[in-house]
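Here chain A shows up in two complexes: once beside chain B, once beside chain C.
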Partner chain A sequence: MSSSICLRRLPQLSSESSIHSSIGSRNLLSSTQTSSFSTSTARFASPLMKKKTGQVAAPKRGAKTLNVKKGRGGSGRDTGRKPAIGERKALRKRIVLSNTNALEVPTLQDLTKDNVLDKAVEGKVMGIPGEVVDALRAVEAFKTSQGWSLFRRPAALMRKETVQIAELVKQVEAGEAKAKQTIRKVLVGDKMSGKSTLVLQGLMIALLRNWVVINLPDAKDIVLGHTEYAPLPGSTPTQYYQETYTATLLSQIAKANSEILSKIQVTSKPALPIPTPPKLNLLKLAELGAANPEASWPVFVALWKELTLPGRPPIMMAIDNLAHVMRNSEYLSADAKPVHAHDLTIVRHFVDHLSGTKTLPNGGIILAAETKSNSPACPALDYSIQLAEARQLGREVLPEWNPYKVVDMRVMECLRNMEVLRSNGLSKEEARAIMEYYAASGMLRAKVDAPFVSERWTLAGQGNIGELERASVRARI
Partner chain B sequence: MVFIFGFNFPEQTLVKKSLQTFYGIGPQVCQRIMARFHIHKTAKVGGLKNAQVLDLNAELSQMKIENDLRREVQDNIRRLRDMGTYRGRRHAMALPVRGQRTRTQTATSRKLNKIERGGSGQIKL
Partner chain C sequence: MASIARRCLFSSYRSARRISSRSVSQPAKQWQRSLSCTTARRADKAPWDQAENEEGEDLSEQEARWAQLAEDVSKIDPKFQARAAMKYLDDFEMVEEEDYEIAKDDPKAIAQGFWGEGEEEDGGPDEDYYGDDITSLGHGELEQHRELREYARLAAWELPLLSQLAKPFQLPTAATPFRFRYTSYLGEKHPAANKVVVEYSVADMPDMNQKQRDKLIKLAGPRYNPGSGIIKMSCEMFDTQDQNKRFLGETIKKLLDEAKDLKEDFSDVPFDFRHHKLKVRPQFPAEWALTPERKQYLEEKRRKQQQIDYERDNLGTLTDGKKIIEQALPNILPSMPEMVAAPNQRLRR
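Presenting the complex of A and B:
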């Protein structure tokens, strides 16, 4: 388009028009007075314009005006319902284990007491039977970060590491009655590599094999300083017990193991600070402790004593988020010094078994999982893991402690002889099995063939299961 | 409602919050007192045991807080003024005491520096 005004005259024109703006201008540019290369006219003009709009006469009395000011009685007031106490937390912690939109997988088999220790289930996705799901839910083994809400019902891949845990269970059960083994394992691995799910699977196997299951779902809750605590009378150095937490733990134990515990009668006479009925089974005992928080710790001790008598079932104890109990807790002692997490009775109890100072007379497994997403720095734990791995791999050169880091001797002592189970990425066969399950559930709409599996396996950082789920089910790439 | 040091607190108040309403108890002192009686940091007043409330009351009555503390502070200032010291004069004139500038920014000293220094707390002067 050709311009009607000579472009060379443009600067002059605009300056002229600004000078003679009072004289009624007849040329075309006068109406806009802006040039594409100069913004100053428009910028300097705008405040004046704004002032003009501000000087509006006050509304007449009685006339309705729009008042958008925030404050009392104004239209800006939030009239919505405030969430009730605990409502938001309940929503945050809600565990959804079913998705009615997902398809039922007809080929999905359930795990049973017999097939769970079978080698044949390796690399297959197996359903978790209903009663075990209830028990796992009771011990809070399901986490909100896991993808249970994506599928019709809970099922899990029996990966290599799961089968290793099953082997350990077999090993404990095969032990002779007098010399039952206590196996201790710390689960380590990358972020989203399925450490918590492995703990869950460990608990699942134990529940299927009629073991007693005790789970500390999140170590952070123990040391966070949000529940009541009190010094344990007669303990040197002072230990602290948490009555509310212990009561919750007892109720979880009672719910998850109700069938086994109800069959076992209390044989010794525990000295409890509360009146007890004469004929007591272990389930009643645990429920008694859950109902009376002030007696929860003595009840836990009594329960443990009963469980470790000869002829009782093996025990599976698990903890998640291990690093939190390997440092000072948020609790304070009477002289306002931080209490080491190992001085809390529950943690002490667990750590004694993890370190091997105490063993389970009827055999059992102690599982501890570290976390990569919410864990405090714990150099002693990191070093112990490195050392244990190097030892397990039979390396000649062991890693050395960095002398510039502060050493927590209690942690070092406790983790001196620990054993590590690393949860690596899945193999391609395992990845294929789980992706076929995704596809059968209708959550992955693609043809699961070797190139596709290979692509997703690579995208997921060599088969990291969390990333695999993210790449194939959660994200539609 | 729970009585702590002669004052009523609703059950859902945090122990930490209720202790810090007293003149002379801030975050540090509060933490020390709570640690002494093994009260965790998110404890509510309603959740305290009777023994703990009694202990707390006994401890608070031993401490120099509220009016006793106010009196001490006022006495210290009065002593300075009676001696005719510079610090005493500056207090009396509501001017900065420790050599700060007075050309600008003396709002705090004008607010605080007086003989009858009150402060905030449960008991209002």
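Presenting the complex of A and C:
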């Protein structure tokens, strides 16, 4: 049995490692894990194991031999194409909104500008019209975790909470021109209870009602530290803006609201760092910002200024995964201190409206949804939600802040007067409506009668919609 | 031929001594070595005279006894005397003088012992075991048995007497708010035997207002149980229970004095109950309880639902996933191509 290292090299080796120890330690992969001088391999080698003779008779000419070795020429060689860069991520993030194998539901009606605010649609599954689907896709309102790919075309149940949002929209639109309301809501609820879908439905209603829609699809993307950032000149305390992210946001705004924005001309003279054509509509402005990331933030500010002038349409702003912007971001300041998420300009812009320090002169709704599946611990947010719920329910005893928890005062201040919309489980009638839709799409092979609905409703934890979909469509029992 | 009386006397020595002389019980008092090994000298007599005289005395004494005995025997009724002698002679045919000689112990048998009788000898003689006793294992068993019996006796005779010492339980009064706990390990040594634990309720402390009580709770820290409102303290620093109890008493006194002193009332420090986890007991809401009324209501509701479903089923408006798929499939699937048998290749060859 030969030792792992030639014995003649032993003194050389030890001197090398002692001299270049720092180099050796960095290169972890190349260094062998065996000790330089060891007899244990030889000593503990199993005596039962045959010694390698290396004298295997060559196979006869013409005889087929089994070669399962990996590597060049072996039959077990991986001949498949390696995925290109970004391909797997694209596959992971792909939004599929149609299933050609599902049946078309003949009774499915589309939502229109008129019937979306109607009370009559409550408890019905309604189709989302094509242009709205495009706009929603543009603002990334559809999520991979939602079951859009199971059905022929996007449709959603107009549940009680959706109708509540529609009521809010009606309320904003009914306000007088001078005193339009700004409504702020935080959507809370159990895991898979349809919070993100409620945001989507809110955006859908806004799009149908010709509002301007601005959506931050996932707050995590803003604070993750994956896009470049720079301190905003002339801001005290220092704020940071994200060129690329803002440019993407502008392009999304432009795509989703192209029809409305193209009708509005820029009236003020915005001071932009890029040359602008003399006659400019808002769509062009937004596209300009999207095309020039270095000017994206000033363009966004100019666009916002234009949108808040009197006579402009109401605005729906939404954010998902709220907890991520209620803490320090992954960015560092110049003195290597973490940057609070509220110091990022986009987040600051949103949070100012969510907290009520800024209002929308033309009216509008600020929607924020929390997430239960991927959210950092945020005690201030949890407490604020509890407090807001207790306040809304008119409880006499309000929950008390645990003084031994670390408090983020900026978050507490921001969420001081927030309002909460809890998305509960579906009622049995709603569950029946959506299960009939499942069955009509050919995705549920069962007779949808009261006992069956009741069983699945109970299995889904009192009508949690995500669980209901799991229990009736996805599960094959 | 020895006389009958002599035979009677010596008959007890007739059988061989089975039990070794070593096992003969020793007098309780051990032989004590005298300070000098020489015999004590006396002034009046020479030592050799003394020895002779003593022997002579002993002999005369023995003779006197024998004479006494012979006289007593002669007094017995001669008829009876003859019968007893005859009977004795019939039973034990000891005629010769040699019969009355005492058999010597077999040294080999003694070495082998009772339990080893008939066994082959191996090795040397056991130093500790003389063949006159049961094994040490047996002794152990016996010892255990004795011990058990001892405790059984205690349980039967002594323990019932303990009830005489029992005192009737009396509820603690407001004057005795401290509950001490001592641990006894029934005479065994134990490292926790000196531990003393005291529990007292904050609400039971006399002459304290709410602020002082709050301060006491804050000072007690994790020793306070917010669920029961009781402070629990223990001490095992010292060697004895008394010392530990004394320390506890002094600490409580200091604590109460400090709590009553409201110069610093800790009102800016929030209560810290992080050490206490509230035990959450989830309970079904009261509305869920299946009362007869609710049962009836549910049954009624289900019956109505069933009726509606039945009607809808008859009308054909009830959604049935299976039916929908069956109806939709012929429209979806393209018509299957008709299978035509291929010409038989074998025949062609």
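Definition applied: the second predicted complex is superposed on the first by the 398 of 477 C-alpha atoms of A that agree within 3 Å, B and C clash if a C-alpha of one lies under 4 Å from a C-alpha of the other, contacts with A are read in each partner's own complex, and residues count from 1 in each chain.
Here is the rule we go by: a contact is a pair of C-beta atoms (placed from the backbone, for glycine too) under 8 Å apart; a residue touches a chain by one contact, two chains touch by 3 or more.
Values in this document were obtained by computation on a predicted structure and should not be read as measured data.
Quick one: is A:Tyr241 in contact with chain B, with chain C, with both, or with neither? Answer first, second, both or neither.
Once the two structures are laid over each other on A, A:Tyr241 reaches no partner at all.
Looking at the overlay, what does A:Trp297 touch: chain B (first), chain C (second), both, or neither?
After superposition on chain A, A:Trp297 lies in contact with neither partner.
Could you tell me if A:Gly442 is touching chain B, chain C, both of them or neither one (first, second, both, neither)?
Once the two structures are laid over each other on A, A:Gly442 reaches chain C alone.
Looking at the overlay, does A:Phe350 come into contact with chain B only (first), chain C only (second), both, or neither?
After superposing on A, A:Phe350 lies clear of both chain B and chain C.
Answer with first, second, both or neither: which of chain B and chain C does A:Ala450 touch in the superposed model?
It touches chain C, and chain B stays clear.
Taking the superposition on A as described, I'd like to know which of chain B and chain C A:Ala230 touches: first, second, both or neither.
Only chain B; A:Ala230 stays clear of chain C.
What residues of chain A sit close enough to touch chain C in their complex?
Listed in rising order, the residues are 103, 403-404, 435-436, 438-440, 442-450.
Residues of chain C touching chain A in their complex?
Of all residues in chain C, those touching chain A are 270, 272, 274, 302, 305-306, 308-309, 313, 318-322, 324-325, 328, 332.
Using the touch definition from the top, list the residues of chain B that touch chain A in their complex.
Chain B reaches chain A through residues 31-32, 34-36, 38, 40-43, 47.
Of all residues in chain A, which touch chain B in the complex?
For this pair, the touching residues of chain A are 225-231, 240, 330-336.
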